[in-house]
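For reference, the structure discussed in these notes is given below.
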């Protein structure tokens, strides 16, 4: 067992009167790809979003339990929520480039935390665009609005933007669902590289994708964690009846 | 750095809170100051009598003529606007649903017309009147006001019909309905409360507007019995009486304002209740 | 001909419905043209005698002598409109941000009907309120505060009344614009460690900047054409205003105030219709630009 970065203990989440997450207990290993798998509507996205407390934005959401990041509880933390969020980069289902230039999209996270030196910014922007294989494609049009990029490029830009604030963890919520197969492949390959330096949590309902890149799998169903195991164990030797049924394609 | 940000956010949040409160307070102050001055002078006589001799020098009488005139005018014009507006809204959302460019042009045109000041409609109505040799009359007022509220009622109904899911249109078509059946059976039933709300909105606009009828409806102390007679209206009754040098007459203007506020508030409350009900009973897809 | 038959004949009914629809739609297309032509037809008499340039940039208004210079009225209109926008703009922007980004649900529950009612109040009611509240406030408190003795009937009074009138109008457009900004966009910014306020400044406001400008444009043209409420408090004196405490005489008031005598003085009716035409054209241009910006930015 690898040492874990995030440990979740007895996490419950209510949306109004609906019980969305039911007594979640999981741990997420460091510098591996953890895939949260499950049929749509099982609460996997909500679980992901509660990690960086984006769920708080909705006033009707109530949470209880503990989310420990390196042993420190995020939910009761006195620390500024922006500092917590900065430790985790988020990649959404569709790319949402900020309404500014390609350059400024990457520099945004650095600027808002007070880094304004031109040279430093140039340097970092290039570095992260190279990291996401985007530099060669966009180096001549850095000042153009990010919306002019193709959707696959936009998603990689969003990844570069997230990496630029130097997070410890990357949260990805079905990041390839809006992309063409080629761009999807690129993102998947990138993840496989990035796991040497980052902990990656990926939400997906695509079994193939989970099989391809997962090191660790958490299977959720109806707001509960059914099974969590190493990828090989999970796919080859599932313990739970519901996991077996899901892997055989009996429900989606 | 963080600290400055916090202070900045705090500062703007205070400003935001103040702005929101300002708007709420403004409404309260408007209603309060008018009702406080107007209600004490409100009497049954005001509501039920037409102006008697010497009314405009402070003698007895009421503004029954203006109330009736306003109701006639708004009913008539909102009915015409409804009869012309509903087919347009249906047209945009059922028949023309594939021609998105054309629909965009129509919506743009309607939005432009919505923005035209009512005094311009009034002036236009007046030129038309002169052109056809008509006198100031209830009819001329109704036509002018219905032109003025037409874009309002169409856009309001359009917003309602627009939210009907496309699947409903497709399934009705696949059952073999003609377009007119879809319009007046399916869409009309599905959206009835919303359509009524749109009509109420137009009615409220019609009863409150003064600039468009200034030239066209005329003013009289009697209750109109025919469409070609001039008619008094509430907004103009308020406007004229308020410019009087005699305090008693001005006081009646305040009372008349209270009546107008009451009518407009009732319309607004009814449409709010309707739209709440509507959201409850609507079939969700 | 049996009328019931028409009712039961589906095809025929469809046909009647169709032609009725086309006629109705025709009205929408004909109306703006006929508004323009009708007003043009009436103002042509004046335009034949004086050039548009002379009319717009002269301030000599002597109807009896046949001299019609609109500068006074245009300047008054611009003053009143600008000050109204200056008051209403920031208030609307701040409130719209508050209501869409921060407000708890009970605030929304109160503010929704408040905005609705404010939008639905007739303009004559705003005028009455101006006379009852704004005028005394200016005459007894604000005027003396600036060391001036004023009657209250002034450009400023018109602007204050007007600003309250256009607040619900601008506010509704702004709220709609802010709501179309995808939530995920704000979340992307928050996930990068931005604070709520930074996200509003750098993402929300930036994304909707075009919409905000056009909302103000629409509010401005609404203010420009408002008649009765302004007329009741603005003072209506024909002279070039030189300060906000002075009375003004905006274009719509000119039309509304003089309709009674317009047929008794030669050319007067033509002059008034020309001011209606002026109003129509100015408002139409402002509206068209603002609407086009909104349409462009929503793509």
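By written order: A, B and C. Residues from 1 in each chain.
Heads up, the rule we're going with is that a residue touches a chain if its C-beta (ideal position, glycine included) is under 8 Å from a C-beta of that chain, and two chains touch if they have at least 3 such contacts.
Predicted model only: the values in this text are computed from it and were never measured.
Averaging C-alpha coordinates per chain and comparing to subunit C, the farthest chain turns out to be A.
If each chain is reduced to the average of its C-alpha atoms, the one that sits nearest the average of all protein C-alpha atoms is C. For the pair subunit A and subunit B, the distance between C-alpha centroids works out to 51 Å. Each chain gets a centre from the mean of its Cα atoms; for subunit B and subunit C, those two points are 16 Å apart. Centre-to-centre, using mean CA coordinates, subunit A is 48 Å away from subunit C.
Multi-chain contact residues of subunit A (touching two or more other chains): 113.
Residue positions of subunit B in touch with at least two other chains are not found.
Multi-chain contact residues of subunit C (touching two or more other chains) are listed as 195, 198. By the touch criterion given at the top, residues 10-11, 13-14, 16-18, 20-21, 24-25, 27-29, 31-32, 34-35, 38-39, 41-42, 90-92, 94-95, 97-99, 102-103, 107, 110-111, 113-118, 120-129, 131-133, 164, 167-168, 171, 195-198, 218, 221-222, 224-228, 232, 252, 255-256, 259, 272-273, 276, 279-280, 283-284, 286-288, 291, 295 of subunit C touch subunit B in their complex.
By the touch criterion given at the top, residues 5-6, 8-9, 12-13, 15-20, 22-24, 26-27, 29-30, 33-34, 37, 84-85, 87-88, 90-91, 95, 104, 106, 108-113, 115-124, 126-128, 131, 147, 150-151, 154, 178-181, 183-184, 201, 204-205, 207-211, 214-215, 235, 238-239, 242, 253-254, 257, 260-261, 264-265, 267-268, 272 of subunit B touch subunit C in their complex. Within the complex, the subunit A residues that touch subunit C are 52, 54, 57, 59, 82-83, 85-86, 88-90, 92, 94, 96, 98-100, 108-109, 112-113, 158, 161-162, 165, 171. Of all the residues in subunit C, the ones that touch subunit A in their complex are 104-105, 182-185, 187-195, 198, 202-203, 206-207.
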